[in-house]
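Inspection log for the structure reproduced underneath, given as structure tokens.
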């Protein structure tokens, strides 16, 4: 975040997503994240651009990890800086809702029952639709 | 946050409030925060308790500074840990909205025009009222 | 009855002290009554407590409204709308 | 026309490779037509692309719907609903 030292920033909202040790009733020992590199960059830039057009933001930052992660590892960081908290909260939640439904990442879990691809959640589509009203 | 290492945490949302170098058109050189110590503790615990009763949270943490701060200093940190992001986002924003209207802190700004008490904002009352629907 | 009264921020500066012990007349039993009672102390007090300014109150560290009942030994605090966070 | 096709995640594992170059017949011009064309390759392909599974598509790194038009030289990607974040 280039402008972290900028004096106009009154509000910084961050979201960190972590690997939980249990999902859908099975214990998870590791998680492997696959992505589509050429598209990922474009998708994340598009989401950030959309957030900046909707709210009055000073800067945004998205970091998403790929490869193999373990329980309690951090998967994603979204950081939003703004003059006022309302803009920062809305934009951070918006970015996460769009990232969950539009950025090309796929999770495969290693559980006690073997490996399985994580299923997309309807609740994520519903969360995204809120912003289309 | 006692349970930061807990494996059930999937979402961590944080809010950091910073001193802006400009407010209501005047440049701000410093900010002095007064509070009502015996009430502050009780008020913050009440806000955290209310958040925990409304959403499924693993833990919350509020840190609020008092005394004299300068531009870009951090005033307040609110940290919310939950299994899922929806709960964490809502609870963090709720805590800030209640803190802004119910916790006994008062800001006095030193500006180029002299000292002045910061006026409470109607928009903070409006933000709080959202949660009473 | 005997109570303790605290003042904060702009109000503390106006009255020029932060705390006092007051022996209330029997008919002063609510926040509204206490505000009216204090506003009789002179211009500064009248300006603060005649209802034109927003003055919040707490009893024993809990925010209360103007109808709240005051009991002997209570700690009553008066302050402007809060501006933390 | 000639295009490049990429497969990801569950779909990549099912077809057992991640990328191929395809020379499309003239009448295959949309995502839907390409899905139908691929589903003729056998059971594995039919299971993936006959419409019973949700398969998302991107053209040149942009998410598109089934009606999107494919042009010569495009990079088309097929993948399951995303699950990042």
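Letters are used for the chains, namely A, B, C and D, taken in the order the chains are written, and counting of residues starts over at 1 for each.
Heads up, the rule we're going with is that contacts are C-beta pairs under 8 Å (C-beta built on N, C-alpha and C of every residue); 3 or more make two chains touch, one makes a residue touch a chain.
Worth saying up front: this structure is predicted, and the values here are computed from it rather than measured.
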Taking each chain's C-alpha mean as its centre, the one farthest from chain A: C
For chain B paired with chain C, centre-to-centre distance based on mean C-alpha positions, whole Å: 26
Centre-to-centre distance between chain D and chain C (centres being mean Cα positions), rounded to whole Å: 72
Euclidean distance of C-alpha centroids - chain B vs chain D, Å: 48
Overlap residues in chain B, where contacts from two or more other chains coincide: 17, 96
Contacts with 2+ other chains: residues of chain D: none
Chain contact graph, described as a line, ring, star, complete graph or other shape: line
All touching chain pairs, where touch follows the definition stated at the start: A-B, A-D, B-C
Chain A to chain B touching residues, read off their complex: 5, 7-22, 71-72, 83, 85-86, 88-89, 92-93, 96, 123, 127
Residues of chain A touching chain D in the complex: 17, 33-36, 38-39, 42-43, 64, 75-76, 96, 99-108, 117-120
Footprint of chain B on chain C - complex, ascending: 6, 8-10, 54, 58, 61-63, 75, 77, 79-85
